[in-house]
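Quick heads-up: structures coming right below.
There are two complexes below, and they share subunit A, which is joined by subunit B in the first and by subunit C in the second.
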Partner chain A sequence: MLFWQEIKKLAGSVVYVLFVAVLIMELSSQGVFSFHDKLEEPQPGENYGIHNEEIPELVMPAAIKELFQEYTWNQYTTYPIGLYKNVKLKEKEKAQMAEILSELTGIKAERFSVEKDAELQKGISEHEIAPRADLTYEEFKACMERADRLLGGGSDYAPDALIGFGKVPVTYEDARVEYQLVKDKDQFTGGYARLFSDYAGVMAMAILPVFLSVALCLKDRRNKMSQLVYSRKVSSAVLVGVRYAAILTVVMVPVVILAYYSNSKVWNLYEGMQLDYLAPLKYAFGWLLPSAMVSAAVGMFFTELTGTPIAIAVQCFWWFLDLNAGYKNISSSYGLFRLAPRHNAGTLSRFRVLDFTSNFDRLVQNRLLMAGLALVLVVLTIFAYDWKRRGKIGERFKIRSVFAAAPDRKNKSAA
Partner chain B sequence: MHILVGALVLFLTPVLFGITDLDRFASAVPLERFVALLGPILLTPIFGPEQSSEIDDVVSAKYIGRSVVCAVRIFCLTGIMAVMILVFAIYMRESGCEIPPVLVTGTIADAVFLGSLGMLAGAISGNVAVAYMLPVMYYTLCMGMGNKLGSFYLFAMEEGNYAGKPRMLIIGILLAAVSVWIREMKKR
Partner chain C sequence: MDENKIIITGLSKSYWNKRALDQVDLVIEQGMFGLLGRNGAGKTTLMKILATLLPKGEGKISVCGVPIEHTKEIRKITGYLPQDFSMYPSMRIEEAMDYLGILSGIETKERRARTEQLLRRVNLLEHRKEKVKALSGGMKRRLGIAQALLNDPKVLIVDEPTAGLDPEERIRFRNLLCEVAEERIVILSTHIVGDIEATCEKIAILNEGQLLYNGTVDELLEKARGQVYTKEADRREVPRLKKEFRITSMHTQNNRVYLRFLSETPVPGAQVCEPNIEDAYMLYLYRNGVRSLDDGLGGES
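Entry: the complex of A and B
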């Protein structure tokens, strides 16, 4: 009964109408409602694209050339916390970088240490910039790690990023393996559902539910109904739990409908093939629901605790950092603390299904962690709400008990 | 409180983005993507105090009209916001960044536009969550649609395009005026 009341309250609100409108607009701007590319079976002699492999013979010369180029201009691109950062080294650090380049190439450090960039380019020709003949891959990695530390971290020279310099063409055999995986495991529709989830997660589910929960939690306060609700018999756990469930229900209904709408666009492309018609549902609940859970829980917790819309700022800030953290490695990002995991791959790259399967365990860990975090926040919301009902904290987080209860105890003991 | 949050945004910008020796295109990134958020932070809650009926009654009973009070508030906060952006731009210039005046005025235009969207949504709905939702929605739309939004693309200065900024500033001012008018009409 209470659940349906909350659903009605939410579904009839301006903020929900706006939520659905924004969801449709954001997703349609990414083209997920007009999928029309069919994944064709690879044929011999085609171009199957490029992928990264950590092959020392490829990685070492490419990384050293890139480092020399950035050294020449003294402009280094890094992403220390995900966001783009332009690093310019001071003279002392520049000399240290020259030492690293010298160790890598065998060219004397003094030749790198000249005043003007133009002189530097004149002094050392491009073909000289190559790995030293006796340079081992371990030595190379150690040098690159030092370079990365000098730049403050997050550069392309970080040990885990070096693979980016090893670009190799995808072979026909690899392409066939990927196609087979899409056919057998994804049953085609899974790939499209994943692409939908990538956009829906980052553009909507990681941010929009916070507005719904803030609006719902502030509604009692705005209508001056807080005290009336506080005095009702229903327990805080039931009240908060029901509200949370109502928010997630109204959030997920349009998401599931839109996921099916998007996915159904490709069903006729694969006539006669085995398709997974449950893929949109699986991805909506497995991939998108945990993001929505966290976003809604942050909204409820901070709003109940402070009585202000500060949760919007908190969630927007987290979302902003998370979104930009994807810029360096946008095509596949399954970090444990990602608010919205990324896997931006369509038919051209055969949905990068190998990346997905090899990162699947990390994705599961991430989604479980986010769902768990959301539930912890819900429990904390129940405590905050309960304290308010009992008058332990005020509407705007004034801890009355700390300042008011102490003299009471004193008086009691005196009596 | 909102000014403090705005100041926090400015303090965080050098931590999140590198702001040393940037050319005009790279300088636009922290300004447009982060500093412009001062707009929704400072201008969106402009009608907040009157959401409390007690405060609204006090304001309504005064000789000076409610619209004048709101207009003065908008004017003061826009001024504070412009000064904050200017000070930050000077700091960036001192850090060796290339900051032509158009970057500063463009960032102010972005901030006013985003803030006025929040004001409009707040005036129409009377709901603080909706008020913040509209500028955030527009921001994400710009990330998704890119320069398909034409003159109203928020991050155009990163691509060296400054032509749409005067239009955004004018529309922003108009939206702010419309918001005050809507608020007044609703109260009558």
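Entry: the complex of A and C
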């Protein structure tokens, strides 16, 4: 009964109408309601795209060329803490980078250290920029690691990022294997649901629910109703738990509807094929729900603790960091601490289903971690709410109230 | 029988270095009980402690035999109408009652019956479909009483309920409280002496956290007997009289002024009159060293 009352309160609010409107607009802008690319069975002689492999013969020349290019312009792209950064080296560091390039190519460092970039380009021809004949892959990796450190980390030259330079064309056989996986595992609809989840996660679920939970938690105080609610028999655990469940329900209902609307657009493309009609539901709850849970829980916790909408700033900050962390690896990013995992691959890359399946365990760990974190925050919210009900903390955060009884205790012990 | 009493023993409460309540001992029995005091006297603190919205400091409190620490039990048997309250403005009256009834853990059938019965009692039944935002101040207070009675509490705590109401609504509200008090303890906290006079038999006076008086209204009046005077004077005499006596009321007709004032000794040219509770309250505060009353009238005349 309380659950439905909270649902009514939420669903009838202006904030919720805005939530649904923004959700539809954001997803619509990403084209998830107009999927029309059909994944065709690969035929011999076609272009099947590329994938990355750490093959030294491919990685070394490509990485050295890229490093030389960036050195020439003295502008390096890095993502040190996930955020984009354009690094410019000082003279001393430039000299060190020239040393590294020299070690990699066998060209004397002085030739790299010509002051003017124009002269530099004249001095060294493109053909000369190639790995030294006796350069081993281990030496190459060590040099690249030094280069990455010199740039402050987060560059394409970091050991775990070097694979990005190894671009290999997908063979017909590989394409067939992936197609078969899409057919058997994804049953086609899974890939589209994954793409929907990528956009819905990063653009909506990781940030929008916080607005709803903040609005709900501030509603009592704004309407001078807090004390009427506080003095009731209902336990803090039940009230906070039911309110949290109500927020998640009103968040997930439009998400599931839109997920099905998006997915249903491709059903007629695969007539006669075995399709997974539950895919939108599975992805909505498996992929998107944990992001919504954590966003809503952050909103509840900080609002109940402080009596202010500061949770919006907290969640926006986290979301911004997470968004930028994923910017580098938009095609797939399943870090353990990702707020919204990324897997942005269109139909032409066969939904990169191999990439997804090989990262599935990490994705599960991440989703469980986020759901767990959300539940911990909900438990903390219950404590904060209960403290407030008993006057141990104020309506707005006045932790001093917690200690207000201290003099009394002191007097008592003295007596 | 502790089952129908609130027993407060040695209650103290501090906010940092400010003593909001200081060694308060009080027994409150069934019926209307008035808690009188100036703003900041500690009334709201005491009300909130009784409603379990503030932790007590030192001392013991038992509400109908239940220690105050048993929050859930206490909330089951108390109803609370805060000083400054409202409800979700877009909810209809009956929806708001239903919501608060759910929070009180009342079953659906009983909740509906109680809502109808209480709305009828507070004369809001015909307005039950109206939204809370459409209610006048007086109607909102009556709704406040109705919501506080939803769980049929043994104790009703009402904090400054008549502030801002027009005289008609105030009288209606007082009568409602008196009706309600026939079957439970009703604690009415106010700084408006008239509310107490019209409703309470027993009262307590709080000042700066200390209990100055605890007894019946009649006893309080008795203490003031022979010390309240009236006098008709020329307007020009007023400044002198104000300096000399503690004036409790004053009204002017042409050039003549009719004064009511307190004096512990007979005043030539003035007539002794029957004290009202306002006179008695003022006298009591003054006797107990509340000197700020000298500056003018206290209470509400």
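Throughout what follows, the second predicted complex is superposed on the first by the 411 of 415 C-alpha atoms of A that agree within 3 Å, B and C clash if a C-alpha of one lies under 4 Å from a C-alpha of the other, contacts with A are read in each partner's own complex, and residues count from 1 in each chain.
Heads up, the rule we're going with is that a residue touches a chain if its C-beta (ideal position, glycine included) is under 8 Å from a C-beta of that chain, and two chains touch if they have at least 3 such contacts.
None of these values were measured; they are calculated from a predicted model.
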Which of subunit B and subunit C A:5 touches, first, second, both or neither: second
First, second, both or neither for A:22, with subunit B first and subunit C second: first
First, second, both or neither for A:318, with subunit B first and subunit C second: neither
Which of subunit B and subunit C A:235 touches, first, second, both or neither: second
Which superposed partner A:157 touches (first subunit B, second subunit C, both, neither): neither
First, second, both or neither for A:165, with subunit B first and subunit C second: neither
Residues of subunit A that lie at the interface with subunit B and also at the interface with subunit C: none
Subunit C residues within the subunit A interface of the complex: 12-17, 48, 51-55, 57-58, 71-72, 75-76, 78-80, 82, 84-90, 98-100, 102-105, 108, 147, 151
Residue numbers on subunit A that touch subunit B, as the complex places them: 13-15, 18-19, 22, 25-26, 29-30, 75, 78, 81, 83-88, 199, 203, 207-208, 211-212, 214-215, 218, 222, 309, 312-313, 316, 320-321, 323
Residue ranges of subunit B in contact with subunit A within the complex: 5, 16-18, 20-22, 26, 29, 34, 41, 51, 96, 125, 127-130, 132-134, 136-137, 140-141, 143-145, 148
Subunit C partner contacts - residues on subunit A that touch it in the complex: 1-2, 5, 9, 12, 219, 223-225, 227-235, 239, 389-392, 400-401, 404-405, 407-408, 411-412
